[in-house]
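There's a structure below that I have some questions on.
Order of writing sets the chain letters: A, B, C, D and E. Residues in each chain are counted from 1.
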Amino acid sequence: MTTFMALAPLLAVVSGALAALLFEAFLKRKDHGVSAMAAIISLFTAGFLIVRSWGLELAYFGGRLALDPLALLLMAVFVLIATFVLLMSLEYAPRRDINLGQLCGLLLLAVSGLMIMVSSTDWLVVFLGLEVLSVASYALTGIRRNDWASSEAAAKYFLMGSFAGAFFVFGLAILFGATGDLSLAASLSGPGGPAGSPSLASVFGLGLIVVALFFKIAIVPFHMWAPDVYQGAPTPVTAFLTIAPKAAGLVVLFRVLTPLPGRGGTPSLLMQAVAVAAVLTMFVGNLAALRQKDVKRLLAYSAIAHSGYLLVAVVAGDGTGLVFYLIVYMFMNAGAFGVLAALSGRGEEHTWFADLAGLGRQHPWLAASLAIFLLSLAGIPPTAGFLAKFYIFSAAVAQGHVLLAVAAVLASLIAAAYYLKVIVAMYMQDAELEPVLDRENPALHLVIFLCLFGVVQLGLWPGNLLTLIRQAFIALF
Amino acid sequence: MAELFWLIPLIPGASALLLVLFGAKLSRRWVAWQACSAVFLSFLLSAVAFVHLVRLPPGAPGLTKTLLAWISSGPFASSIAFAFDHLTAVMALVVTGVGLLIHVYSTAYMAEDRSYARYFAHLNLFTFFMLVLVMASDLVLMFVGWEGVGLCSYLLIGFWFERPAAAKAGMKAFVVNRVGDAAFIIGILFLLDNLGGSSFAAINEAAASGLLSSGLVTLVAILLFIGATGKSAQIPLYVWLPDAMEGPTPVSALIHAATMVTAGVYMVCRLSGLYAASIPASTVVAWIGAATALFAATLALVQNDIKKVLAYSTISQIGYMFIGCGVGAYAAGMFHLVTHAFFKSLLFLAAGSVIHALAGEQDMRRMGGLRKHLPVTFPVFLVGALAISGIPFLSGFFSKDAILTGAFAGGQYALWGAGLLGTVLTAFYMFRLVYMMFYGKERTAMEPGHSIHESPRAMTIPLVILAAFSVLAGYIGLPVFFGEKADLFGRYLASSVKSGSPHIAVSTEGLLVLLATVSALLGIALAFVFYRRTPALPSRLASRFPGIYRLLVGKYYIDEVYDAVVVRPLVRGAEKVYERFDLKVIDGALNKSAAAAGLAGKGLNFLQSGLVRDYALAFLIGAITFLGFLLL
Amino acid sequence: MNAMTANIPLVSIVTFLPLAGALLLIFVRGESVRAVRAVALAVSLLTFGLSLLLFFGFDGKSGLPELVEHAPWLGRGLDYHVGVDGISLFLVLLAAFLTPLALLSSWRAVDDRVKEFSFFMLVLETGMIGVFVSLNLFLFYVFWEAMLIPMYFIIGIWGGRRRIYATMKFVLFTMFGSLLMLVGIFVLYSAYHRVTGGFSLAISDLAGLSLSPALQTWLFLAFGLAFAVKVPLFPLHTWLPDAHVEAPTAGSVLLAAVLLKMGAYGFLRLGIPLFPQAAASFAPALSILAVVGIVYGGLMALVQKDMKSLVAYSSVSHMGLVMLAVFSLNFVATEGALYQMLSHGLSTGALFLCVGILYERTHTRLIKDYGGAAARMPVFAAIFLVVLLASAGLPGLNGFVGEILCFFGIFTSNKVLAALGVSTVILSAAYLLWLYRRVMHGPLKDPDSLLRDVDRRELACLVPIVLLIFLMGLFPGTVLRKMDASVSRYLDSLRTKAPVSLTWKPAARIARPARISGDTAGPAHLVGETER
Amino acid sequence: MIPPAAFFILAAVLFVLGVLAFFVKKDLLTQFMAVEVMLNAGNLAFLALAKSLGKAEGQVIVLFVITVAAAEAVIGLAIIVLIFRQRKTVQTDELKDLKG
Amino acid sequence: MVWVVFLILSFLCIGSVAAMIFSRNQAHNALFLVLSFSSLGGLFGLLDAPFAAAVQVLVYAGAIMVLFLFAIMMFNLRGELPARVKKARLALTVGLGTVLLAELLLAGRKLVLGSPGAGPAAGGDTARLGHFLFSDYLYAFEITSLLILAALVGALALAGKREGS
């Protein structure tokens, strides 16, 4: 029975999803507040269960579901980001013909997929979790069904996603053929035993899977869906999509690519390829963002670039840095999209540079928040974004990847250019348009405030969190 | 009392400070009194200190006082310390004495000016810095005074800053001086580096004892002398002094004739040990002096602005002083410095009186016959002119003679000849001035109702005093002719200044004196012929030798040459470099790299075509490459 | 004094008081401009007052950092570690001294979004002071980068017409340099870890590392670029004129007076002590660049049409001299460089204040639009002149002391470079007096112009600086004595630095066998919670 | 017996053909069908390799993949329907509002 | 004999996919796919995976493809003929496809050639399969339910009826 506890957080989320959907289907209320409430309660419950599971090393289904500290941390992140997204959507959804109840259900289903992904050490389960996540994400992307951009984004996401999914399947097949086992741990162990070097076929099979995961976390050149989808999706959903699937994908990558004691090392070719992809991602993401006129799309590209930074952590084998970065990234990115969501009026979203002009005067708090999020994204101290980058890049250097770190900081420089451009618009240009903010939106403002708090707190005193993450990795190794 | 000698510079300094801070609120009377009495007090103190010094037994050290350990860092140390020895005493007395007279003179001369307090503040400040310069016990502190007087010169030349010419002249003076100062600093650096300090005593001693290599001595001496050519308006840095006449005339008298411009001479005398130790450097000094003396004298021949004539004359006379220094007759150089201070300030002040009388007119072609109108000014001017021309028994005669004798005695016959020729020219241009100003027809273009009148007493009394000194000052340094001990001045200075020139036979000296007298008279006679008897002669001569005339009037086009060779290429070049390099290359590279990033972004945005097939293509290419890489 | 200050974290108070003030400002109503200004000014004055305590509490005999505060912060060597020594003390004072004046100077110039302005100024002050007091490389970098942001806003919001271009250029250019420094910091961090097994970014610890020449070279280049951009060293100077021209007066003042000093300070505190051999081998090249900067900056200043860019180029020239002195690597030159940094901070700051005063009246900075201003503004004319002359190094004023020490120090190292450096004496006089002549002298350009003499507030800005200009010119000993021990310690450390032992060889390439084979480095990195 | 290699080759060819079809076809529906081909190729590979290893799990996994394909088909068709309702077309190239 | 079956099935499978590539009618495409998937089912059978074969034919060729056909008929897109693909693009994709094929074969070579051809035909037994599903793969099996739920809700959210609209 204790091991059955391993299933509890997942069950909480799934039952929340079901409850939300049932309320949506049968209560016939206009605003679906009940669904949202159910969803939030279930998320809180899940959060509570996650915290309770800390340190217990619960495992179930022969280890296919294992609540190691890393998984728990990530689950907590997912619960948190889902809560943020829900709060952001409370006002946002009804004003844009989005069915909040369905949104809640899909969001929670996506979260359950994410939880499955990060808490398993079996490729098949990871794949299924990924598919749950994907299917829910496609629907979330297109959930603003009257909006052409939203459905276009959904179609593109779906088409590319299923294409990538096929690669995953084929990779699974080859991996299975090579090792006869689909556990993550076995992927890179050779036929001669756990310590031997992996066979070419298993590396190749893993490569196919890595490609599919790269697609999910938007690594260049598998990233091209991302800007369109992030732009087309409703803003809270974008916040979710830029953070959660990326986190899950990266953690899976980290689990498989980072050698554990007593297991064969990752082939250097694979790591080099990943490093090259990281560099490409950082540069392409940042360069492409330079000339964007729409801040939402700009942040979409920035999200791609951040995948590159995060990949550096994977290359450097710095799990602590990776998770810390992910958490920080969650706060700053969710915060940034939160502000964008706050700026949207009824119907059209107002996320163009011209819309932001003069914001510093009209809505000083919103503008200041966005500025801080952007500075954090740019990695400027003393925000959390800087600290996160510091850990990752310094780990890369400590592992001898000096050039990778140089590339990363140069890419950050390009990034700084466009983040600052947004600030230019907000503070240094005068408004040409009327302010677009409509009513008060306390839930959204709460999210923004929490994110702000996170960004500042983690930049200055991340102590407990870092300790926690380090503990998680000590347990892992 | 003499121990308080360190107050000598500080009193005018304090007065200057007060005037700067509160001048605008003080009454003119008070300003005048304060400024004058400050200088007077300094003068009194200088006199007391001088008397103290004279009473000391021979060989006893002068007065010294360290006020403040100023800059000290590792091996570099310089303190604010004053010294008062025989040489200093001479300068201090001249500075405060002549300075006092000029202060008094100015109370009347500047009476009408709006910025009365500012003027006296600057004048006091100048006195302060000049006294710092002469009382400094090391080279670094001397440099403070050196730069300080330069600053005051700048301020006073540009006193009427609304006049563009004045503003320009002030700036020119400062910048040209700075060129010399740069060399001066390098010279100081050499000394500091090799001696660990820059006190004069140490330098002179090190040079004399051979502690410094001869090459280094020469190098340092020449570097410092370059500084002196700036301050003392010698070739090649003399160009600022004629322009400096834009300042008020008393300023010209004090700064640009009597005191500041002679700082270079003082410096060379102060470091006579150093210069004496280097024959090449001394030769350079002497020849620059001689060249300047002649060169400036020729320019003075054709100037029509009375102050400009006097300015070139000053340049020329300082050249004489340098000849003296260069041939080792340092005392003679100092002697000429002193006498020159008297008669040249006399001439300037008298010219100022004339200008004052003519309501600002400075062009001698519009003067004439002023003899009658200016009963005091005319005689004193005449005395000054006679003194500078070297007419026997006036001060200029003795001092110039001392220099020429020194040159002759040192075997530098060419220098002596140049000096003699200069005497002719000097006498000629001075009497050209006298004749054109005071004799002949009245050519003044005065407005009706404005009559020419003699200046007030505050102006004439200093003139008379200066005239008296111009006559008498020569007797402190009589030539050997009058006996072995007649050269009081030389003997007095012997303890501070290297005495060099060998004595020559009395008969030879007599001959030299005679020749000098004759050449002075010749100059006067020529001037009489040209400007009194046949006034048409100059213009005829000018049309006969148009080239020479134009060259002289154009001041040998040295200003133009400097402009064309140094200033303009520098400025134009800098402009070009700014546009072509700074903006285009450096900044351009930056902007280009930013644009390149933008372009790359544009390219990527183009690739992001919105078409799923393109996305899939990128995916496929990426996957194939990635996987192919793994298969390698 | 020491007994008293021992218990009080004075350095931290001085550093963070402005930040606290800035946060306080958030709660002041933006509409009550007077209150905002009063609070900001009071805070900055209080900071200055406390920084004076720093000055008096500083002993300076040991040459070691004093008033040190050390506390764990982020763990693993990323500690909070501050203190002042003879090298940093006066730069702290400079920043604390100039901020209130800069605030005061913008009383009228900035009347839009005053609250934000004051906020950013105070944040900037914390950043500036923080850079100087940091004894931990991480902390240093945090302040170093963080300081960019308030300046970015100050130029970008309250700047001139091309402010956005200028501010972006400023930030990106300086960031470009400092990001490579960040990589250098990573390398040092891991090198320290590899050698000792522990974690530290304390500057003193890092200075104890012996790095191989090749590694030193790379690291010196990485750090040096950051500092050279900030100085700015020719040819990395082009951000400076733009930033200065567009910045509001207060921004220009702090930019010129304090921010530029950070580059030279960086070399003194980090670039040279951490990589002495590389520094020595690069010294000739950098010296040549510095000399080129001196002449180049001077010549460029001669042909500027805008007062501010003239002053900006004069900074290039003056800072070139500072760099030349820094790389002469001897005692006098180093003290001279430090002194010259202070003097330049004062005089250039004051120059910008003066230009700002003119600009406030006529709203033009073009030299040709002025003429004869001295007639209308006699008091201003006098102050302006003093400031100019201080900048031109007139003896008796502060500039001279720094210059002559620099000259002497450089001279003992290299006579030719010193001789070339002395050219600044001519050039600075030329461009500064040319400026003065065109602006203040000559006939009054526009008789109806709004030029009026300085008022009390403006006097309150300028007079303290002028007083200091005189004081520092006449009594340099007060400052130099407190520097002596630190400077000689700095030079000793360069001399005694043991040669080469560590070669930069990454322990593990991509496959990272080290980690797997249980090498101490790997697990320690992940597990080592205990070291610090 | 037919060696598993033959099946594997067939699977690979089928996968590549699916990829080609995905590129050649220009409407959402057919492109999605191409993806289905790719998935099926994966299944075939699974079975072939399972056979060569002699492991039965291959078949189980194939079942899961088929389920996944079914789920994707559901959501995919829903999206295609949504697109068609909005635009009256399912041409992929019509989806180009979001770009740049 | 088995070879003949194998060859016929492979030919059908590949041929129908090829036909799908060249056909321009969506309905035909779907039918080709049905054919292809059915023959794949046969191939599964040859691999001793009868259950998989059955599921393949029933679920895939049957249910899923019928869904497609419904969709196609709903869209009623008879007249719409997509434009031809550009030659260069076609060449590029064919080239890339060849490379991909080569890579796949290269990677898979060791696996299948190295193995002893036909191993003991384990797993042919459906009962064991069921056992697997409800023991080792129970968790995965549960997740499929989640997956289908997500797909359903998603489809409902995207294409379902709206009370408002």
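One rule holds in what follows: contacts are C-beta pairs under 8 Å (C-beta built on N, C-alpha and C of every residue); 3 or more make two chains touch, one makes a residue touch a chain.
Note that the structure is a prediction, hence the values are computed from the model and not measured.
Engineer: Which other chains touch chain B while also touching chain D?
Structural biologist: A, E
Engineer: Counting one step per pair of touching chains, how far is chain B from chain A at the shortest?
Structural biologist: The fewest steps needed to get from chain A to chain B is 1.
Engineer: Which chain's mean C-alpha position is the greatest distance from chain D's?
Structural biologist: With centres defined by C-alpha atoms, farthest from chain D sits B.
Engineer: Between chain pairs B-E and D-E, which one is joined by a greater number of C-beta pairs in contact?
Structural biologist: Looking at contacts between chains, D-E has the larger number.
Engineer: Please identify the chain lying most centrally, where each chain is represented by the average of its Cα atoms.
Structural biologist: C
Engineer: Report the chain whose mean Cα position is at the greatest distance from that of chain E.
Structural biologist: Comparing chain centres, B lies farthest from chain E.
Engineer: When the centre of a chain is set as the mean of its C-alpha atoms, what distance in Å lies between chain A and chain E?
Structural biologist: Distance between chain centres, rounded to whole Å: 31 Å.
Engineer: At what distance in angstrom does the C-alpha mean of chain C lie from that of chain A?
Structural biologist: 41
Engineer: Centre to centre, by mean C-alpha position, how many angstrom separate chain C and chain E?
Structural biologist: 68
Engineer: In whole angstrom, what separates the CA-based centres of chain C and chain D?
Structural biologist: It comes to 63 Å between the two C-alpha centres.
Engineer: Give the residues of chain D touching no fewer than two other chains, as numbers and ranges.
Structural biologist: Touching at least two other chains: 8, 15, 18-19, 22-23, 26, 31, 43, 45, 48-50, 52-53, 55, 57-58, 64, 68, 71-72, 75, 78-80, 82, 92, 95, 97-100.
Engineer: By the touch rule stated above, which residues of chain A touch at least two different other chains?
Structural biologist: 124, 128, 131, 135, 138-139, 142, 145, 151, 154-156, 159, 163, 167, 170, 174, 177, 200, 204, 227-228, 267, 272, 292, 417 - these are the residues of chain A that touch more than one other chain.
Engineer: On chain E, where are the residues touching two or more other chains?
Structural biologist: 93, 96, 100, 103-104, 107-108, 111-112, 136-137, 140, 144, 147, 150-151, 154-156, 158
Engineer: What are all the touching pairs of chains?
Structural biologist: A-B, A-C, A-D, A-E, B-C, B-D, B-E, D-E
Engineer: Please output the residues of chain A touching chain B within their complex, sorted ascending.
Structural biologist: Contact set of chain A toward chain B: 155-156, 159-160, 163-164, 167, 200, 203-204, 207-208, 210-211, 215, 220-222, 224-225, 227-228, 267, 269-270, 272-273, 277, 284, 287-292, 414, 417.
Engineer: Quick one: in the complex, what on chain B touches chain A?
Structural biologist: 594, 597-598, 600-602, 604-605, 607-608, 610, 612, 614-616, 618-619, 621-623, 626-627, 629-632
Engineer: Please name which positions on chain A make contact with chain C in the complex.
Structural biologist: Contacts found on chain A: 259, 261, 263, 265-268, 271-272, 275, 315, 317, 319-320, 360-361, 364, 375, 380-382, 386-387, 390, 393-402, 405-406, 409-410, 412-413, 416-417, 420-421, 423-424, 427-429, 462-463, 466-467, 470, 473-474, 477.
Engineer: Over in the complex, which chain B residues touch chain E? Could you list them?
Structural biologist: Residue positions touching the partner: 617, 620-621, 623-624, 627-628, 631.
Engineer: Note which residues of chain A are touching chain D in the complex, please.
Structural biologist: 124, 127-128, 131, 134-135, 138-139, 142, 145, 148-149, 151-156, 158-159, 162-163, 165-167, 169-170, 172-174, 176-177, 180, 182, 227-228, 231-232, 292, 297
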